[in-house]
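In this document, chain identifiers A, B, C and D correspond to the written order of the chains, with residue numbering beginning at 1 in each.
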Amino acid sequence: MILETQNLRKYFGEVHAVDNVNFKVKEEEIVAIIGPNGAGKTTLVNVITGYLKPDGGKIIFMGKDITNASIYERIRAGIVRSFQLVNIFEGLSAFDNIRVAINSRERKEGKIFSLIDRDTTVTKEALQILDLFGLPKDTLARDLPHGDRKLLDVATAFALKPKLLLLDEPTSGVSTREKNKIMDVIIPAARKEKVSLVVIEHDMDIVFNYSDRIVVMHQGKILFEGKPDEVREHTEVKRVLLVG
Amino acid sequence: MAKILEVKNLNVFRGPLQVLRDVSISVEEGEIVAIVGRNGAGKTSLIKSIMGLLPVKSGKIFFKGKDITNLPTHERAKMGIGYLPDDMGIIPDLTVSEMIKTGLWVSGISMDEIKKRVTELFPEIKDLFNRRGLYLSGGEKRMAAISRALALNPTFLLLDEALEGLAPIAVSRFIGTMKELKKIGLSLFAAESNVVLASRMADKLYAIERGEIIYEGDPKKIFEHEELMRIIRG
Amino acid sequence: MSNIIFLYLISGLYYAAYLFLVAAGLTIIFGLARVVNLAHGALYAIGAYVAAWLMGLISKQIPPPLWYIIIIIAGAAGAAFVGIIIEPLLLRRVYGRLEEFQLLLTFAILLIIEDLELMIWGPYPLAFKEPYHYLGAVSIGGGLMYPLYGFVVIAMGWLIALFLWFFMTKTKLGIIIRSAAANKEVTAAIGHNVKSIYTKTFILGATLAGIGGAIVMPSATAQLGLGIDILVFAFAVVVIGGLGSLKGALVGSLIVGMTRVVGIAYFPEIELALIWLIAVIVLVFRPLGLWGRE
Amino acid sequence: MISRKGLISIIRKYPIYTLIIIILLTLPIYAPSFFVIQIAYGLIFGITGLAFNLLLGYTGLLSFGHAGFFAFGAYMMSLPIRHTGIVHTLEVYLAFAFITSAALGALLGLICARRTRIFFSILNLSFGLIIYSFFLKFWGFTGGADGTHVPTPPLLGMKFAVDKEYWMTHIYYYYILAAFFICLAIFWVIVNSNFGKTLQAIRDNEIRAQFTGIRIYRYRHIAYIISVAFTGLAGCLWAPLNGHTAPEIAWWTYSGDIVMLTILGGYQYFIGPVIGGLVFNVFKIYTIGYTVYWMLLLGIILLILIFFIPRGLVGLGISIYNRLTHKKGSSKG
C-alpha cells in the first residue's frame, strides 16, 4: 500500500465533503475516483495533497503518517497533483514550466548564478518530456490551446517524478478526441515510471478503459470500489451515477 | 402562452475560452425550465449572460419580447429578472431584512407586503430577519436569497445550482418552493447539475455540454437517452 | 502633571480627529473599489486650499460665526468636485486591472493635483488663521492654555464618525454600498447601478478628506506637499486598523494620534518610526490590521 | 571570451543595442558636460530600475519604498566620511553599502516577504519613510535636512588631479558605465538562472509553485535582499556624483519615480528599466528646466502610459518594429 487514509474527514459547515473515508492506493496502481458533482472527490484530493487540512482521521503515505505534513514535505515525499482548472505558469514557456519543475525536484531551483540554458541534463530531460507530451517548446503557456494547457499541467507534475500522482480531471474541457490522446500519453508514462495514479474523471469510457480499480464516491463517502467490470454491473452504483 | 425569455445563438467567451456556442433557449410564461450539465459545461455562464454579468460576443437575448442584449444588469433587474447566484450572494455584513430592503428600494413594494409573501413560503424566516448573513446556514441562505430576489417583485427568476449542497430533505422542500413560485405566477430558469432533481422540478429540460445545447425537451424522456446520460451525469 | 497628560490627550484627539477624516475616506473607497488611492491626501489639500482661498475672498463680508460653516462647506465642495471628475474619468478605467497600474494612476493624479494647486494658488502658503484665534483659548490648569478651536476640530471628527456610522448602518445608500462592497454582481442584479455607487462612494470619501483639510487649515496653512504629508499618517492608520474597516480607521486614528503626541514630546527623532513600529507589530500578529478583511 | 566572429553576429542580431553601447562609450567626447552627467545619473537609475524590477517584473511585487533603500546606500558612504573624516577609495563604500543594504533587506524581508499585493506596497512605503525620518531627524548624526557633504573619493585607490567637472564627465562617468555593465550582466544572469525562473514561476502562480515544491517565501525573501542590496549599491554610486546626501531622496515620491521609470521603460522586459532610467532622468531634468509644472507633465505622461502604452517604451518599440517588418505577435525581451 503506497497510500492509505484512515477515517479521513473534512466538513464544510453542514456539508460533509469527506466523511470517514478509508481510501487506499497500491503501488503502481491506477485508481479512478468517480461520483456525481459534490461527491467529495476533489476535496479528498485536496486533503491528501495538503491543500486543505483534514478535520479528522489519518493519512499514511509509504508507511509514514503525513496527516500534518506541509505541502512541501508531501511534494518531497513524492505526492504530486494537478488541478481541475488549468494551473500552470502562464508567463513562462512550456519548456520553462517543465524546467522549473525539474529544477525543484533536483533542488536546483534556488541557484542564482547558474544559467538555466546551460544545464544540459535538465534541458535534455525537459525536451524529452515535452516530446513525450507532444508540446511545443517556446510557446508561452498562456498562448497554448486548451488541450495543450491541460497536458502541460500534467507534464509539469510528471517532471517532479512523483511516486503518487493525483490528477483532478485531466481531460475536463477538452474534446473527445483529445481526451483519449491525453490519456494515451499519461497512462503509459505512469506505467513506465512506476507511478501510482489517482484520477478523478467524469468520462466513463475513459474510466473503464484506463483504470485498474474504480472508487465510487457519493455524498462524501466511498459507496463502492472494485474492478471496472464490477462497477459497470453494480446496480446501486449505476443509479447514483446516472441520477445522482 | 408567450415566451418570457428567449435566447438566440448566444456566443460567449471568458478570456480566450469560448464558454457558450450558439446557445438558443426559451422559457414560456409560467414555466419552470431547467438546464443540466456537468461542472464547467456552461450553465453558470449562460445564467450570467442572461443577467448581463458576462459580455456577449454575438447573439441576442429577449425578455418579454424586448431585446435586452446590451442592457446593463441593473436595468434587467428592474424589468423583473431575479437572480440567485450559485453561492446565493449573501452579504455577510447585512441582516436578512437589510438584504431584502436592498431589493425593496428598487421595486417600491412595502416591507410588510414582502414579509407576508416570504413567510407564506418560509414560515421560519420570521426569526431570521435580524440575523446577519454571516450566521446563516445553507438552507437559511437560500431563504434569504429567494426573499431578496422576490423583493424586486420579479416575474422571472434565474437560479444557479440552488439545490447544491443541501440535505435531501431540504432539496425536496426547495423544489416545493419553486413550484409555489410558479403558482404565484413566476417563470423560472434553473441550472442544475443533478438530472433527477432537474427533471423533478422542470416542465422543460435542456442539457448543455462544452457550451453547446445537446438536448431540449421533456424532462422525463432524457433518461431514455443512454448516450446523453453518460455525458451529463456526474 | 495631570494637566500635561490632559494636554497630550487633547492633542492626540486633535490629530486623531482629522486623521480619521482622511483615513475614513481612504478606507471607504478601498472597501468598495479595492483601490488604494495615493491621491487621497491631495483631496485633503484641495479642501484646505479651497477653504483658505474662499475665506480670503469673502471673510470680511460675513460674520465670524459663519466662517466655520463656510470653511467646511468650501472644503467639502472643493474635494467633492475633484472627486466627480477623477472617478468617472480615470479611476473607473483601472478597476480590476493590475495593482501596479491602479497605484500608478492614483500617483499620477497626485502629481497632477499638486501642480494644479501650484498653478491656481501659487507657490506661497495660503492661510486664514482668524477662526483659530477668534475662539480664544481655555486654561487647562497649571498656566497651560489650549485653543478652543482644537475642541471644535475634535468635536467635528467625532460628529462625522457618528454620521458615518449612521450613514453606513441606517441609510439606503450606506447599506447598498456595503452590499456592493461584498458582492458587486448580486447588488447589480437586484437593480442597483453599481457604477454610480462607485462614483458616489468616491465622492463621499473625497468629501471627508476635503472637510479634514478645511478644518485643519485655520491652525496651519494650505501649502504644497500638504497632501503627501497627511497621506503617510493616514496609511499608518489604515494599516493598523485594517484597510476597508471604518472601526479600524477610528481606532487606528486614535492610536496614531496619541503615538504622535507622545513621540513628538519624548522621541522626536523617531516619531514616524515609532508609529510604523506599532503598525509593523500589529501586522505581525494580524496581517490585515486590527479589523481588516481580505 | 567572445571571438571576433561571435561579436559580429551579436552586432548583427542586436543593432540597436550595439548603437546604444557605442553612444554610451563615446559620449564624453562630443556631448556637453551637463548631458554626460545626466546620462551618468540615468545609468545609476537604470541599475536601480533593474534591482527594483527584479521584484516587480520577475517576482510580481510592487515596492513603493525603494527610494528609502537608495538613500540608505548613499548614506552608507556619506555617514562614515562625516564621522571619521577619512575618505577611502570608493570600492570600500560600495562594498559597505552593498553589505549593509543586504542586511537591511534581510531584516525587512522577514516582515514583508510573506506579504504580496497592496500590503507589500504599503509596507515598503512605510519602510522607506522610516528611513527618511531617521535621516531627517537624527540631525546630529546625519546632518538632518541639510544632509551631508560627499567629497570626491579615490577610485580603485587612485586619486585624480583634475577639476570636478572633468572628473565627473570623464573619469567617474566611465566608472559608472563599467559598474552599470557589471550590474546589467549580473541581473541578466539572475533572471535567466534557475533562481530567476523560479521567481517568475512564483509570480505567475503561487499555488502551483508551492505544489511544485518551491518554498515561495524563501525565494521572495532572497529576491528582496538582492533588490535592496543593489538599490543600496546604486545609491552609493550616486552619492559622489551628487556630492551630497540629503533625506529628501528617501521621500516616497522618489519611490514613485523609480516605479515610474520602470513602467516607462516596460517592466515586462529585462532592458525596460534601463531604457526607462535613462529616458526618465533626461526627461525630468529638461522639463524641470523648462517648466515649473513638471509634475503635471509627468502625471499626464503617466496617464498616457497607463492607458495607451502599458508595455512601456520597449514594448512600444518592439510593436513598431514588428509592424515595420510585418511580423506578427509579440516577442519577449
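As a convention for this text, contacts are C-beta pairs under 8 Å (C-beta built on N, C-alpha and C of every residue); 3 or more make two chains touch, one makes a residue touch a chain.
Computed from a prediction, not measured in an experiment: that's the story for all the values here.
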Minimum number of chain-to-chain contact steps, chain B to chain C: 1
Neighbouring chains common to chain A and chain C, by label: B, D
Contact-richer chain pair [A-D vs A-B]: A-D
Inter-centroid spacing, chain D versus chain B (mean Cα positions, whole Å): 54
Gap in Å, rounded to a whole number, between the CA centres of chain D and chain A: 43
Between chain D and chain C, distance of the C-alpha-averaged centres to the nearest whole Å: 34
For chain D, residues contacting two or more additional chains: none
Graph class of chain-chain contacts, one of line, ring, star, complete, other: ring
Which pairs of chains touch, using the document's own definition: A-B, A-D, B-C, C-D
Residues on chain A engaged by chain B in the complex (per definition of touch): 13-15, 34-38, 146, 172-173, 175, 202, 204-205, 241-244
Chain B to chain C touching residues, read off their complex: 48, 51-53, 72-74, 76-78, 81-83, 85, 89, 91-94, 98-99, 101-103, 105-107, 148-149, 151-152
Parts of chain A lying in touch with chain D, wherever the complex brings them together: 49, 51, 71-72, 75-76, 80-81, 83, 87-92, 96-97, 99-101, 103-105, 108-117, 119, 156, 160
Sites on chain B touched by chain A in the complex: 17, 38-40, 137-138, 164-165, 167, 193-197, 210, 223, 229-230, 233-234
Of chain D, residues touching chain C in the complex: 56, 62, 64, 111, 114-115, 117-119, 121-123, 125-127, 129-130, 132-134, 137-138, 252-253, 256, 259-260, 263, 267, 292-296, 298-300, 302-303, 305-307, 310
